[in-house]
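See structure below.
First chain written, first letter: the chains are A, B and C, and each begins at residue 1.
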Amino acid sequence: MTITAPGQAAAGAAAAPTVAIQGRGPWRLAWDRLRRDPAAIASAAVIVLIVAAAVAAPAVAHAVGHGPNDQYPDVGLTTAGLPVGPSRRFLLGTDNLGRDLLVRVLYGARISLLVGVAATLLATVAGVVVGLAAGYFSGLVDLTLARFMDVVLSFPYLLFAIALVSVHGPSLAITILVIAFFSWAAIGRIVRGQTLSIREQEYIEASWSVGSGAARVMFVEILPNLLAPVIVLATLLIPTAIVFEATLSFLGLGVAPPTATWGGMLSDSLAFYQVAWWFPLFPGLALLALTLAFNLLGDSVRDALDPAGWRTVIG
Amino acid sequence: MGASQDGDALLRLRDVVKHFPVGQRRVGATADVVHAVDGVSLEVRRGETLGLVGETGCGKSTLARCATRLLALTSGRVVFDGHDITALSRRQLRPFRREFQMVFQDPYGSLNPHRRVGSIIGDPLTVHGLADGSAGRRRRVQEAMELVGLNPEHYNRYPAEFSGGQRQRIGVARALVLRPKLLVCDEPVSALDVSIRAQIINLLADLQRELDLTYLFISHDLSVVRQVCDRVAVMYLGKLAEVAPVADLYRRPRHPYVAALLSAVPVPDPDLSDRRQRIILAGEVPTPVHPPAGCRFHPRCPKARRRCVDQAPELVPRGGDEARHVTACHFPVEPGDDLALPHPPIDQPGQDAGDDLAPVAGGGR
Amino acid sequence: MLRFLAHRLLLGLVVLWIVSVAVFVLFFVTPHDPARLIAGRLATPQTVALVNHRLGLDRPLPDQYGGFVWRALHGDLGYSYYSSAPVRQLLASRLPVTVSLVLGAAVLWLVLGVGVGVAAARRPRSVTDRAGTVFVLTGLSMPTFLVGLLLIYFLFFRLHLAGVDLFPAGGYVPLSQDPAGWAQHLLLPWITLAVVIAATYSRLTRSSLLEVLGQDYIRTARSKGLSEERVVYRQGLRSALTPVVTQLGIDIGGLLGGVIVTEQVFGLPGLGQLAWQSVTNQDLPVIIGTVLIASLFIVVANILVDLSYAFLDPRVRLA
């Protein structure tokens, strides 16, 4: 029983034209778009610069001969005990304890970057796993997990963070954990929503009919669809985490002094801004630059990955 | 298409029932139930192509998913190749999944847009641990691609780079890579352009010969089914109306519903078409939540009588038909019946509550 | 509808309960010694023990929690370890300050954020839009305290040096006492809070409005000859504002816990500052009180948002 269809060539109908059209996958396309975006290039450059500066912090400290916590009351403070301004010895001036501001700003970059990236990574992994599980399994699992996420999102986070950190004492690990804990639920909720709708697609059913189990469907079928929004969310989470850390440090609850943090420096500078403009300026500028750069990059990444897309989902 | 002698049954369905709860489950309230499949018994014999036909919502897709155990049955049995797979767990089912596979309807929805085609086709190999290394898997995937008429060099492309017909071939390749015995095709050509349909149907025919396959072919399109199937089963509202070898069904349908369906199939010859009797059924398909009592078709049937409300007809051979031609009807179509004429409505004081149809009107114009 | 309300209230109570347990556990599982803090550094062990006993801190933990819950249900939130003032009174006295701050800032950020968002959406990719984007990104990148610092520096300090005393650097004047002074003292804090948040709203409004304006029914409205103003504001904005309202509810609910920094920078005696002090003093009753109030606001805000959603969008079923 063969049906003849008009003008049908044999299997040749299925072969692609011999012209070498190299198909570009969606990631390649996104990368090309990103490469051509001036905002993305600029912000990436700034980030790379700051990262390089952070990495080079010990080298710089060695070069100028001042450690980040070394106080120089005799040359670093005026006779009245106030910070000295930018000079040849102290390129960015000193702080209220006569410490080299340049070195401290560089070391502060390490903290901000470390906390920002680490907290984001943790939050993203947790959010994706929980969101996937909630969306895929539905039923009781989904109910519990979704409620759990709601509860976490209902916590007055800053208040809680302060309580937690102050009771435990400030530390780097606690800061990272706190920030991660209060950020993961936002990602989890979005991942859950996406998973719920992806789950209805026919290719998920096809995967089941082939014999795939839950883990395979979640991580091989559903996750690739989520990668784009998750990447955008994560990139935009980093500046939030950085600001969160700066706020905690500002309140004295981030990493313990005398470790240099931008937030801590800004807090210390409060009493001196009228006489030492450089004291709040440089840490403030650094913080602004890093955060702005990540925000710009996140925006560009979102535009590159899905120009039309899920803007209203992520906002 | 293919040999259809009385070989043993590869797939046997016994009184399969599948009900879905309607809406949210609320504590205490008895939920309404969708009677998607309400007692279907069917056999698919080795080497044959069995067609499963019906309108949207008649339950054929649900039945197919019950047969492949993508759904759990409410009651009934599914026996595949002699093994009862009705109540097996997912893990226990896994070895069976190598023996039967499904081809899906939507060429755009059935392939994950974010995965490469080679990876999609190779899925069954990975899941069942049958790929000997990535090179081995690649080889087998490319074999499957050649088998369905795709260029094996396109192994690394994404589905979006293929046309609808090609994507359907990819779906077939995925189904075949493990060399199963049974393929359940759920409307495999419905979403394709008419000119492409022929290609895919030819492909399926060729593959059946080459690989010794058995098909359960689901469709709502009677003209396709006629070309493709050895036997045909027609479903209405969750039950079988008629099952017969294809030539018999099209030449002499016994169930009024089937007769009406066939009268609507387009016929190329305009003279023939004019002379043909169009049977237009009254009313619409009732909701499967509250199916009519007795014979489900009775509210729309031009031959309905009292008995049709009181007693559901059995699926047995009727007056003079051979054993393989079974019909579920008390008053099957006889030669000379004019189904287009209006008929006196049966009086039905016993009409079920919840049956939201108007009283039976005459069929016909 | 009633079922929905009851369901959400129940959920809210569960949340509050979990929060209270969490705070309790947090406090007692970690090293702390409020008694010593109160008694003073030079106190003898006997004094400390006495204080401990008076505060009830030497009783078993479930006992303390049970006592707390019992009293709380009667409206008694206990007494501050630090000042011995009833917690309820402390909360009540600080509440108006924080509410003034948040509501005033909310008005400001709504006007600013939605305004910029609408302007950007009406002329996508134009100069207005680009400027809006810059505004958004800058706002998003600034921690609240930085904005506060900048404002203080430029609008207080500089002006002060120039002899203009328009904006005070901090402090609070009750509305009932002096409306003008109230507003004057709150102006800088309002701007501080509003700028950062307006950025998010601007982005949200823009994307939401853009999506709505792309719909067919907007095209129909335009082709009917309606003025652009009418199309954008009456037809478009109504649908586009749904996510904004959602966000507003969430923000106001959450902000009450988050104004700590602003109150700190501007010396406003609100709930935020109270929370901060109570944590520094390890003043458990006050900590719990502030955390509970903040959670309460979040829960209430969420419920109101869900309700308004149902009104705004007829497609939403409350089931």
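Operating definition for what follows: a contact is a pair of C-beta atoms (placed from the backbone, for glycine too) under 8 Å apart; a residue touches a chain by one contact, two chains touch by 3 or more.
On a predicted model such as this, the values are computed, not experimentally measured, just so you know.
Contact tally for A-C versus A-B: the pair with more C-beta pairs in contact is A-C.
With centres computed as the average of Cα coordinates, no chain lies farther from subunit C than B. Geometrically, the chain at the heart of the complex, using CA-atom means, is A. Here the spacing of subunit B and subunit C, counted between their Cα centres, is 58 Å. Chain centres here are Cα averages; for subunit A and subunit C they lie 24 Å apart. Rounded to whole angstrom, the centroid-to-centroid distance between subunit A and subunit B, based on C-alpha atoms, equals 51 Å.
By the touch criterion given at the top, residues 1, 68, 70, 90, 93-94, 97-98, 101-102, 104-106, 109-116, 123-124, 127-128, 148-151, 154, 157-158, 161, 165-166, 169, 171, 174, 195, 197-199, 201-202, 205, 227-228 of subunit B touch subunit A in their complex.
Listing the residues of subunit C that touch subunit A in their complex gives 11, 14-15, 18-19, 22-23, 26-27, 30-32, 133, 137-138, 140-146, 149-150, 152-153, 157, 200, 203-204, 207-208, 210-211, 243, 247, 254, 256-258, 260-261, 264-265, 275-276, 279-280, 282, 287, 290-291, 294-295, 298-299, 302.
Those residues of subunit A that touch subunit B in the shared complex are 1-6, 8, 11, 13-16, 23, 25-26, 201-203, 205-213, 216, 220-221, 224-225, 227.
Residues 147, 150-151, 154-160, 162-164, 166-168, 239, 243, 246-247, 250-251, 263, 266-267, 270, 273-274, 280, 284, 287-288, 291-292, 294-296, 299, 311-312, 315 of subunit A touch subunit C in their complex.
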